[in-house]
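To start, the structure itself, in structure tokens.
We just call them A, B, C and D in the order they show up, numbering each chain from 1.
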Amino acid sequence: MSDLNAQAVAKYRTNFLKEVEERVEEGEWVKMCMQCGVCSGSCPLGPFWAHPPQEIFMMIRAGRRDEVLTSDSMWMCTSCYNCIVRCPRKLPITHIMHGLANYAHRLGLAPKNQPTRVFATMFWNNLIKTGRVNELKLSLGLYFKDGFKQGIQNALNMQKTGLGLMKAKRLNPFELFSGHGCKDRKGIAAMLKKAREIEASRKHFAN
Amino acid sequence: MAKKEYAFYPGCSSQSKASASNYLTSVNSMCKTLDIKLTEIPDWNCCGASIGYAEGGELPRHVMNARNFALAEQHLPGQQVVATCAACWLGARETKERLDASAQLMADTNEALKEAGLHYKAEVEIRHMVEVLIEDFGYDALAKPVVKPLGGLKIAGYVGCQTNRPFGIAGESFENPMYLDKLVETLGAEPVANYEQKVTCCGGALAFSETEKSQAQIKNIVESAYDQGADLIVTPCPLCQANVEIYQEQINKRYGTKFNMPVTYYSQLMSVAYGGSSKDAGLDGQLIRAPKLEEIAKK
Amino acid sequence: MTEIVATNQTILVVGGGISGMTAALEAAECGKQVVLVEKEASLGGRVSQLYRYFPKLCHPTCGLEINLRRLKSNPRIRVLTLAEVTGLTGKAGDYTATVRVSPRYVNENCTACGACGEAVSSEVANTFNYSLNKTKAAYLPHAMAFPQRYVLDPSIIGTPEADKAKAACKYDAVDLTMQEETLSLKVGAVVWATGWKPYDANRIQPYGYDRFANVITSVEFERLADPHGPTGGKLLRPSDGKEAKNIAFIQCAGSRDENHLRHCSRICCMASLKQTNYVREKGGEDARSTVYYIDIRAIDRFEDFYQKVLADPQVKFVKSKVAKIVEDAKTGDVVLHGVDTEGYHRYANAHDLCVLAVGMEPSVKGMDIPAEIIADSSGFLEINSATAGVFGAGCATNALDVNRAVQGATAAALRAIQVVNRVARAEG
Amino acid sequence: MAEEKKVAAYICQGCGIGERLDTANLAKVAQKEGRVNLVREHAILCNAEGVKMIRDDIANEGVTHVAVVACSRRAKTEAFNFPEVALARGNIREGVIWVRPDTDEARETTQEMADDYVRMVCAELKAMKLPAGNPDAGHSRTLLVVGGGVSGMTSALAASQAGYSVVLVEKTGQLGGWAANLHKRMPSHEPFKDPQDTGVSEMVQAIAAAPDIKVYLNATVAQTSGAPGRFKVSIATESGATTEEDIGAIVQATGFNLYDASKLSDLGVGSSANVVDQAGLEKLAKAAAAANEPIRRPSDGAPVKNVVFVQCAGQRDASGTHLPYCSGHCCNTSIKQAMYFKDANPEIDTTVIFTDLRTPGNGEDFYRSAQRKEVTFTKGRVSRVEATGNTCKVNFHDLILDDQNASIADVDLVVLATGQVPNSGVNIDLPAEEGAEEEGKKVVSILNLSYRQGKDLPQLKWGFTDSHFICFPYETRRTGIYACGPVRRPMDIVQAMEDATGATMKAIQAIENAALGRAAHPRAGDLSFPRVRIEGCTQCKRCTVECPFGAIDEDEKRYPVFNEGRCRRCGTCMGACPVRVISFENYSVDTVGLQIKAVDVPDEFSEKPRILLLACENDAYPALDMAALNRIQSSAFVRAIPVRCLGSVNTIWVTDALNSGYDGVMLMGCKHGDDYQCHFVKGSELANYRMSKIDDTLKQLGLEPERVATYEVAITDIERVPQLINDYAAKIEEIGLSPMKGF
């Protein structure tokens, strides 16, 4: 169990709802759900959720901490915002799902090789390096996430597309070496470091 | 009409040689005709996109966006920030609304921004290019410069998610937004009447991680455009454009379909209708070429 | 010019639905002078547009008949139709009400013989049937209309059609020179019973009421079931006139929803349960109803009605707020998508017809009402304005079933009587 | 009114009557056969000129009885409104020309129809008198309120504010009822966020301050006799002494009792002291508030940290063990009670376990407010509550997570939302001994009515004394006595106050009506009342038994004693009376009987049958009218007579009709059974029963049973009613004309 997780368990014991309210983005909304299920029905990847949003809200209230945090359900969110605009209680469901994913990821409870988790991590790390996304590195990274051999395979699958994009000047091979980026990378790094610290203190991630 | 000036936030994908570089090309050509001056926010950074949450978390995401706001306030005072990318617009607007709603968050954000020597005064307005076109110009004004009406083209207006929900374009419905169709009409083309996949999600960022699931979605989007006899699909969102265009090849492999449906940006249609060449409209940037559109451009 | 005798011991009742009629009748049968103002061309209000009541499944027109008989035999009530109260000034026991009366173009000579209706050819939307069909532009609002007097639709005034109507009338009842009048009444107390309107279903976008012919509202469904309705009482769906045998009911269509109406409209669950009986009554053994709900609110005595429907094998219940409706372009059927939250079962169910149990919105909402009248943020009137002599009644005060609306109206009549009796005592 | 009777008939030629009928002949019929003193025709009788003509005759010619031969009695009532004379309507528009084709072959039968209706209206008028009003009026203007809870206090205050004096009887030692035991009540106004004060003490003070409200505490109603306007009520006080009060009308606000929680052992009642009902929690909350302390669990007084609310405890029970109904307020009440804890200390865990959360109207805001305060709502069914030392374990089926074995442990307090049981006294519809013995407990009467038909108000369902009618919640079966509050149907305080005000309105109205000898709803304002030729009475008691409103008692000689104040003028007694000694001035065995006889019955060779249709004036007759409005045709052989209620149909009418050669008799009345539509309760049912008995008579006459037929008809049956008529006419042709003609 990660220290962060151990610390969380110690801090909140049985009160998972409280934990979610304090630590998860928009978590204070969870209690407002009235179990109508419109979110679950509205989700484009709905069929692939082991636990749809409204059920997750109920599980949180019922204190089913591990089931929720180790679930890959919220990783299915495509950020389409259908649930948000239809929710009769105006819960920011998309953000709560993002928040839960982020929290589970942070506690190290999220499924290890959950592809979206892997990609999202890559994406963020990619963008903070220069302040902007380096699409080539990102896609290559993605191909090779499951090891070199699979990577070549993936790359070959997309080869035609890749070449097409280059021909269309929508993919730049030289991004591998230079590519776009912000000038004030130092400032950005410092700013983000600070932001993480503040967030940790606000959400009681006392270390 | 007097020149309109905006602080421009192109976003990562709309840089030269990036996946939506043709979007940028066409936007520039469109703006030239409409006499819009876009000034790039100096040293702007990524918005975090819809997938930034998992590793980035809450405050860092907001801080990234706030940095752009601060830069805009500093270098382009008084100008509204205009994004062409749906995700950039959404991410930025989300940040703005959350900061406006929470003094705490605002303070924390500025505390972090200080590290980069910046301060956000909460003065910027965040808008999508489509808003600018519809609200600051209006369909009639957009029709005036049309020199090559797109007659004979049947176009499926694929609105997708992020210009539509949760904020959407003022006065539009989440389930059946009409602005793309109206725009298509304005340019002399025929909009697909009941394009039922109009607001279906293309999978967004999950197109990379949950390929199969996303491609099932994309298949419906393209299929329904074919069913309605569309010549091409038009979209306001770079990610939609990329997903729906790029994956047709794989979908064909996976499902044995024969998709070859061009997917363009509204700005490309406008550029052509306003007399731009295929090159001005970035049509050479299409993975799946749009012959009918190129023909009109040649005229 | 309309002549009305009214004093500061007169009670003004605004709204001629069942609540307003009740308040007026109870006060008048207690010996009070009453002026009853109705904005439509005839009395009866929304209940007269219902086919049956829950839980007895009896007919609202039965009660309307009794109330009309009470009214006809009571000289103390003055009825003004096509009239709206536009202003109210003064204080309890001494109000002046301004009433705008729109022209009917037909006077009291009318015998309801129907000649004018036969004479004109142009048609207008039949609002009594929620515009599901059309009626002649010279029409009797409905079979039990009181006053039993025809109306000329303003759209034909100044056209040859109007002249045809006039020419056809032997009783010189058609008066094309009628003008809008504004009356000023002195009254002691006011009962405000302007009722409710169905929530605008167009605004519930995921259900496509504005896009799909076979998505209708619960009030429209009542008209389909009613023998006086556009289909003569058959459940024929709008798209192709096919008899609907497999019908979906969506609860909380607009109610309990912060995007629409915050409140629960109270009656919709019972209304849909009642309407499943129509489906069985009209469609027989192979007719099916499916109710999509969040909570079934069959409150107090109505529980057994719910239990009866629950036991009906032809009725299915799904605990789910439907996410969206898609139309099957080929068949015209509507496909409901969502998740049954009891155990998480995903569904995509096709139905012949979908009925939206639309919520109750107070009629005063968005209307400009006299400042005297206090409404809460949902538009419902505060039941008892402490010092004032203006009292809400019926669905203008809350989302109520008929029984409770009538109770409230009876109570409002007494509150008004308290005021005018004070006046009477003061004046000795 | 003029001494000698002068009858005038006015025949209208408007609405096509003039074109379709020979009105001169109608006039002749009225003159020659109807023997009226004055006949006039008019082109448009209902217009100003026509009406003036009639008024002038009344003024100048001394006309006392007016026959308007024109449209239906339901039409043009404003025009044909002559309160100073006896008025009857001959319906030759809706009744004749609108239901007949305008063809040459139809002309003769249509004219015969109209002629008959002229004969009938003249005959009716002959037997009619303008009601003089009830000499037996009562003049007490005092309201009796039984029950001093919120409902009763509301009623008393409302009446006194309207200027009526009140006698308030409360069986306990103080006013306030259940509400007085509440810590707080649910909000009644925006923003519907927090519990509010009950306001009971303010009401108690207001009552004390009202000079015209006389309060009897520790008192009960020992006997109630008389009628509206002249009730004699003896009130038994603690001392044993009884005092008499003259009362005009009565409001019964006797509220409810708690459901016996000891029947809920599955839910831990009995096995744990920490399981209470909602009332129990109010007591704890009140005590805690008084001591300014947290709410403590009964077992050991430890502060409650974890509380579970179980909704529908012993309610909504289809199995028949517990209450079948929902008490309506309990969801909001549990929400309110959960807030007692949350408002005091947000750290306390509060869970509400429900199957359907029922917070109608703005209750939805209250529900949201509770969620905001972090009350947890769980959709589930509680199976068992186990006592675990000083805590409990609540086992339930979580319906959302589909978990059969869900449970909440370490619960300090379990609150059961049990239901309201109406405190409505004796169920007079049960046989006496059963009525007296309900669950072993002696059922005590509340009103102790000295009515022949029982001591208390009739009950609708499950002991609630509600009205049977949706449009008319105060349509009581005991005129002048109105129930309100939870005795009527389960309800919360807001509704009870509204209901009490409404009931008070009706009671005051009853007082006003009684003073003028006027009938109450549904025949409001009717001045007629039953008169009996007592010397003809055979003491058969049918009238006293069958009166739906308990209006008729019996004197020591077992003769009927009519209490007009209680009477609703339905005529059920008139229909019941085998010797026909009961009648109304404007509605009697003769007013209808003479009409039947007046009809010209052609001989058996004419091939023109005659069918009598007796139609209930509330549903069947309007349906006939509306069918006519839609120009739906029906048989020319039918002669329709509207009746107040099928219950008023005396079998003599039917036998007379058959004797005088009618070929068939149709009776159309309202639906009967559980969901009966008859506003006089049993009218159509009684008619059905009486007609079943008539079969023997038919046999004696050697007639087929089909010659008399009764139908249940709804006001919406505009297509069906003409169909029934035509089918019946066909049936008569099939079985042939009556052999009784020409005797």
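Quick notes on this one:
What we mean here is this: a contact is a pair of C-beta atoms (placed from the backbone, for glycine too) under 8 Å apart; a residue touches a chain by one contact, two chains touch by 3 or more.
Every value quoted in this text rests on a predicted model; they were computed, and no experiment measured them.
Distance from each chain's C-alpha mean to the overall C-alpha mean is smallest for C. Two chain pairs, A-B and A-D, are weighed by contacting C-beta pairs, with A-B ahead.
If you average the Cα atoms of subunit C and of subunit D, the two centres end up 23 Å apart.
One inter-chain figure worth recording: subunit A and subunit D are separated by 64 Å, centre to centre, where each centre is the mean of the chain's CA atoms.
In this assembly, the C-alpha centroid of subunit B lies 66 Å from the C-alpha centroid of subunit D. Listed for subunit C are residues 206, 256, 319, 324, 341, 344, each touching two or more other chains. Shown for subunit B are the residues in touch with two or more other chains, namely 174. Across the assembly, subunit D contributes residues 357, 379, 400 that each touch 2 or more other chains. Contact annotation for chain pairs lists A-B, A-C, A-D, B-C, C-D, with touch applied as defined.
Interface residues of subunit A facing subunit C in the complex, by the touch rule stated above, are 34-38, 40-42, 46-47, 51-52, 54-55, 82, 85-86, 88-90. The residues of subunit D lying in touch with subunit A in their complex are 357, 367-368, 371-372, 374, 376-379, 398, 400-401, 406. Subunit B meets subunit C in the complex at residues 173-176, 194, 196. Per the touch definition, subunit A reaches subunit B in the complex via residues 25, 44-45, 48, 76, 78-82, 84-85, 94, 98-99, 101-102, 105-106, 115-121, 123-125, 127, 131-133, 135, 139, 142, 157-158, 160-161, 164-165, 168-172, 175, 180, 182-184, 187-188, 190-196, 198-199, 202. Within the complex, the subunit D residues that touch subunit C are 14-16, 44, 46-47, 71, 74-79, 81, 83, 158, 161-163, 189-190, 316, 318, 324-328, 356-365, 379, 399-400, 402, 461-462, 464, 466, 469-474, 489-491, 495, 498-499, 501-506, 508-509, 512-513, 521-522, 524-525, 618-619, 622, 626, 629-630, 671, 675, 677, 679, 714-719.
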